[in-house]
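In what follows, subunit A forms one complex with subunit B and a second complex with subunit C.
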Partner chain A sequence: MFMAEQAASSRPNTPPPGGLRQFLLSQEGVLLLLGVAMVLLLATRSDKFLTVDNLLNQGRLLAEIGLVALPMTYIIITGGIDLSVGSIFGLCAVVLGFSWQVVGLPLELAIVVTLITGALAGLVNGLFIVRVGVPPLIMTLATLAFYRGLAQGISEARSVTGYPEWFFGMGQGDFLGVPQQLWVLALATLVAGIILGLTTFGRALYAIGNNETAARFSGLPVDRYKLLIYTFSGLMSGVAGYIFVSRVTTTRSDMGSGLELDAIAAVVLGGTSILGGSGSILGTIIGVILIQLLKNGLALTGVTTDATTVVIGVVLIAAILFNTFIQRRRAQ
Partner chain B sequence: MATILTLANIHKRFPGVHALRDAQFAMQAGEVHALLGENGAGKSTMIKIISGVYRPDSGEMRLDGQPVRFENPRQAQQRGIATMYQELGMYPELTVAENIFMGHAPRTRLGAVDWRTMEDRALQLLAELNITDLDVRRKVGALNVGNRQRVEIARALSLEARILIMDEPTAALTEADVERLFGIVRLLRRRGVGIIYISHRLQEVFELADRVTVLRDGQYVGTAPVQQVDEPQLISMMVGRTIDNLFPKMPVQPGATVLEVRDLVRLPTTRGVSFQVRAGEIVGIAGLVGSGRSEMAQVIFGVTPAQSGSILMEGRPVQIRHPSEAVQHGIAYVPEDRGLQGLVRAMSIRENASMAVLRRLAGALGFIKRRAEKALADDAIAQLSIRAYSSEQIVNKLSGGNQQKVVVSKWLASQPRLLIMDEPTRGVDVGAKSEIHRLMSQLAAERGLAIVMISSELPEILGMSDRVLVMREGRLVAEFSRAEATQERIAAAMMGEQKAVAR
Partner chain C sequence: MNAFSAGLTRFIPLLLGALLLAAYTLLPVVIQPERGATTPYVLLENRANNELELPTAGLQLVAMAALGALCLGVWNVLAPQFGRAIAVLTALCGGLALTYFIIFARDYAAEEATYLASLGPGFWLMLATAGLLLAQVLLPRPRPPARYAIMRVLGNQEGVLLLTVLAMTIAVGIANPRFVAERNLSDIIMTTSYIAIAAIGMSMVIITGNIDISVGSLMGLLALISGRVSLLTDWASATFGLATPEARGLVIAVSWVAPVLCGALVGALIGFAVTYLKIPSIVVTLGMRSIIFGGMVVWTNGERVVDMPPEYFLAQMRPLNIPMPIYFMVVLVIVAALWMRYSAAARALYAVGGNAEAARLSGLNERRVIMQAFILNGVFAGVASLLYATQFQTIQPTPQPNVELAIISAAVVGGVSILGGTGTVIGAMLAALLLNAIRSALVFINVSPFWVQAVQGVLILLTVLADIFRRRRQST
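== the complex of A and B ==
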């Protein structure tokens, strides 16, 4: 025992231990443990909570936030933020309904137009942020209002209903016994995670978030990548908007308000630093699931919605404190 | 003169480091006492103990013969110890007078700040330092570095400091400001203030200091009057070995022209620059701070692309609108500000070393080949003898010299034909400095790399350059061969004296 200690201390600058222990000490690991503990606790409180039906149904509900949280992770890693996702979501829902019912496009084409609208809305954010130099917070705060206003202007407070039966497949149907949108989310998560973790693009996002100037001075295409991620964010908001309309069978201009906060909360809960430079897709998706299960489980055990919001707030604060604690330890 | 401050048998440990072991120091009233040592020698720890930021683990500090122990920097300040840090701790949105009296502003009877007295006393304090050209109502943020430093000295005086600690005060100053600072330091010395002066520039130490104390690896090496030591002696005290050749420049036979620049313009800082660099040649670019040297390098590198003029690489005209295009044409740029422009300090050596060649390390789909990346970083560590436990170490934890080597390795990985080095050894200690110089010399002589070296240190310019260009106000104003170049001629051209330019 004594000998071992001496041997360890005679090597200063020993690298940190890797493997399982490191994972369990990481934000993702702790969240996962917290999640498991929470599920077990809530399961003892309500016998409806830990059932296949309930969990799959919760999966349906979290897909939209999940899809928006993926590009949000990219953006926050670069030190940016996108507050306009909820408004783009609403704008896309409205564009979907009106290009079909009012303009008279075939519904398939209307879906394509919707996704293009989302991507363009994101691109506009990106262009102002990159070319004009407007801070992301300000730019997307402005378009949060602007896109919502656009959605309201187009819809004139009317809702669109009466979609054909096949259209509800994405939002309400199953594939191999699992909700269709969960497959979409799973695939998107996998691709987003691989891109962030293993490619030059992903590496560049971390570099930009840690030190944008140095990334630029290293010849990385900083501006192009930023344009890409804001466009991607708009596109995914469009996809989420389409899934949402398909799930709730109607279109209204106020859809998706507050979505940006849910998505950002999930990303931050997942360990992505709001200052940029660190984070992961795995963490984000755990964050999304955790928040949804917490909401559902508390509701099932009879906690009021107000109290649930308070609990989620407390969990978020705890997660941020923990993240800060880890960063400090790493910095030493 | 009386001894006012003594430190004896001081020990200070941090987790994993024994920062000071049995260190000692003695300071007399009215002396400028230089504190020297490589990065990591314990200078910062020592001044932080003196200024009350750290408490020693053991050992004794005496002020005027009385044992003292400071619990915080405020207590040290109250006993007359003032510190000026490298990163100036000022409030840019407040005025000169407010900054001087921050924390001890004169009050009226009602307890409000007495603005008139404050401004009068600020004027008076500045006048005592022979500073009459500073408006005490101006915001500090609008002042240049030299003036901000003068405000900070005035602040120290307002606290009736008897000991003033200056940590690398000239690092960011222009030559004219350096002269003025020296004047003020001499004034304070005559008034009996003891000054602890830390600088990497040995010339300054010889010009200004009365005595010098050297630390190495946390240990006290010795104290001597400056007249009794010379530069090689000081260096060997600091490094623990003799560095036989401070500027190991190998003779070269320059090859074909690598870079040619014609009438390069990017207003307001680059106003028509033309020059050539040949393979194997080191071209030094001298000039005052603000003469546009770094800005010109960043025009060539595509950070701020040229408005007009042409750049030719190996005879062919090239368009450079972004750093990535410069990299593709074989140009590399080791920037002036390592922490801001050169490195992503929160990332590992591996991730930094590969940053300029990420695309080459990845396949068609953009997946980074981890093994190749790690091999690249390990090679860099071995070749440049970067002191780190592994390529996974976070760059922020390396010393200045080793950080600089990581920047250089990043750019060598891009296999450049032209390497622009902007202040390659700023903030780097003596040992690492000579390693970087040796590396530059080898790269030029053995690999035929064309090197452009921007430096504010004239000895470095003289020691390393085959040819010296002098820049002033956005233009190249003089050129000297290695044989012609002397400190006086270069300095004269930098300042713009007509004789030198007319040559």
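== the complex of A and C ==
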């Protein structure tokens, strides 16, 4: 696909990059149009949908997936994948609860321990992938089982509740009228977007995804970068786990099961190629928002959750189909 | 390596094995002579009858490990050319003893912990010896000629898996004989069978360099379809007057074949999207997973299927007193293994997965091959779901959680490379067996079931690492 794009951009009669037309034909543009159309359609079906309250509340719900989807975008751009994020999420939730209630750490310190746990879990993934050469899919499949197993083993099916009041601020509180976790997500998105789009580190990720050997021979520190993004993925899963515990006020070991697939779906829907080499943070965030609004809007118009699952599956495949169609047209 | 150290290396497993055995048998007597001489019996006797009258059955694992190391040591002296293989097996014995000491004696059975504590320095001697048994694998040994069968067995994933399954069965069986009771073993194989059968299809898909993460949902759906069709027996007899046993049998047969055909259909659909629409398989099946999952719940309204006719329960049949799923598993694995090895169509799967470009240039129709893999995957998922559906009296309206994880893990642990091009279905079956047996084994040696998944995760990682290192060594 990369070759095709290159061939296309070297043609004299293709429009110069940038411009509205270019954006509208990109996956992000298509998604944005689709999203706006969908919002308008759903707004006519339910008057509760397009209200500030509802939308902010949806923001609360999508923050966790969003936070996990950001590093997932990086990883998928390099041609890798991280299936263990849901399990790290659950492990971090359990570590948070048990290091506070059972070990007896102060809650502030427990949060720090949780984040370190997440980063370490990601680092372990990265080390095996980079140093030993285990394919990312297999490595994170193994740790998908292992981290979830650790969470189950530590918690032994007990849940932790009874957190102090201040702890719920992150999950339930507002800052300047907007849910706190949305600020976190917005900040993280901004930073992640800038890093990916405007730094050499970001460009290197694309280079790795397009041709890892070439990237290595061009002197890019491929191993260090990969280690970084998998660690980052673990860390963000930890942050998301912390926010989730704060939102639902309890800790259980099965938290975050299937989160990895939701995050991957959002990333892929956002136009990031699962084969690596292309994608953007903007697309990912639009993907995350689109899925959440679709869920919420359909639920408000009386569609069951399970039928919504079907719709999301169809949208995912259709969006990718449309994207490949456009890519092929452009390549011709 | 000079002659002296080579000679020493030759005797090390024997010495260590003897030391561990001696420590196990003699130390309790030497250190606490007041307890009286129990030496002749301690090896064979269950220590439930020991002088402390404590049920310390797990300790026999250490005795077995010591005996095993001793036998291997003798073998090493007699046939040093097997040195490397013996070193690995001896290390396994050391690992077994260590595992017992570290995990179980410390926090599980208080009686055993008490008993071990009463040994004082003897306990530490055993611990250290076990550690040395493990460490001796690092000693340099001459590379053996490749013609020995044992090296060939250890040189491929199937051999390692088979040895691990056997070693584990024997070890756990000694620690807790109920583990090897016929009932438990057949339970393990029963629960393995449908995972193993689905793993055959998954192996084929992965060998072509694709993946299917929707297979768990698909199996749930196919099981429901099968169950629903079987409910039509009464309807058919009422509508068409087909009350004869033959007609009922026909409907049952249809309900058995339906999931296989529907599976093939869904497989063809996925294959079409992957090959002709050119969507990467992980994305297609990610989407299919939600479509099937949601569609299934919408269709059934979340209701279970119950009251299937009595003839329907295929998996509960026991011809020759052996459960039906075992026949299915064995026959399908053998047929698939032969097919994968000898038929041109199956070799094409490997060719496409190994090097798609080369396969195309040599005239293979890549699309057709991948399509074929997905259809076969659907067929095997259909058979698997049939065995799953007919196993119990009810069919759940939601797929079993994580079943695709179990299936993909079985394929990968069995040596199917996720990069495509290599792997066998026998390996996948053995891996499914191992992953399931471990679950059961941990229960029988009283490890909390909450740790099962963590152990499985480590196991998946270990086998994959072993595979990677072996390939690296073979390629250099």
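Annotations
Definition applied: the second predicted complex is superposed on the first by the 310 of 332 C-alpha atoms of A that agree within 3 Å, B and C clash if a C-alpha of one lies under 4 Å from a C-alpha of the other, contacts with A are read in each partner's own complex, and residues count from 1 in each chain.
Simple rule for what comes next: a contact is a pair of C-beta atoms (placed from the backbone, for glycine too) under 8 Å apart; a residue touches a chain by one contact, two chains touch by 3 or more.
Nothing here was measured: the structure is a model prediction, and the numbers come from that model.
In the overlay built on the shared chain, the residue A:P135 is in contact with subunit C alone; subunit B does not reach it. Of the two partner chains, subunit B is the only one touched by A:A204; subunit C is not. More residues of subunit A lie in touch with C than with the remaining chain of the pair subunit B and subunit C. Contacts of A:I75 after superposition: neither subunit B nor subunit C is touched. Shared-chain residue A:A145: touches subunit C; no touch with subunit B. Shared-chain residue A:L298: touches no atom of subunit B or subunit C. Of the two partner chains, subunit C is the only one that A:D306 touches; subunit B does not reach it.
Of the two partner chains, neither subunit B nor subunit C is touched by A:A93. Contacts of A:T213 after superposition on the shared chain: subunit B is touched, whereas subunit C is not. Note for the complex: subunit B touches subunit A at residues 15-17, 301, 303, 322-324, 326-327, 333, 335, 340-347, 351, 355-356, 358-359, 361-362, 365-368, 389-390, 392-394, 396, 410.
Residues of subunit A that touch subunit C in their complex: 81, 128, 132-135, 137-139, 141-150, 152-153, 155-157, 257, 261, 264-265, 268, 274-275, 304-314, 316-317, 320-321, 324. Chain contact summary for the complex, subunit A toward subunit B: residues 12-15, 195, 198-201, 203-204, 206-207, 210-211, 213-221, 277-278, 330-332.
Per the touch definition, subunit C reaches subunit A in the complex via residues 211, 213, 273, 277-280, 282-284, 286-298, 401, 405, 408-409, 412, 418-419, 448, 450-458, 460-461, 464-465, 468.
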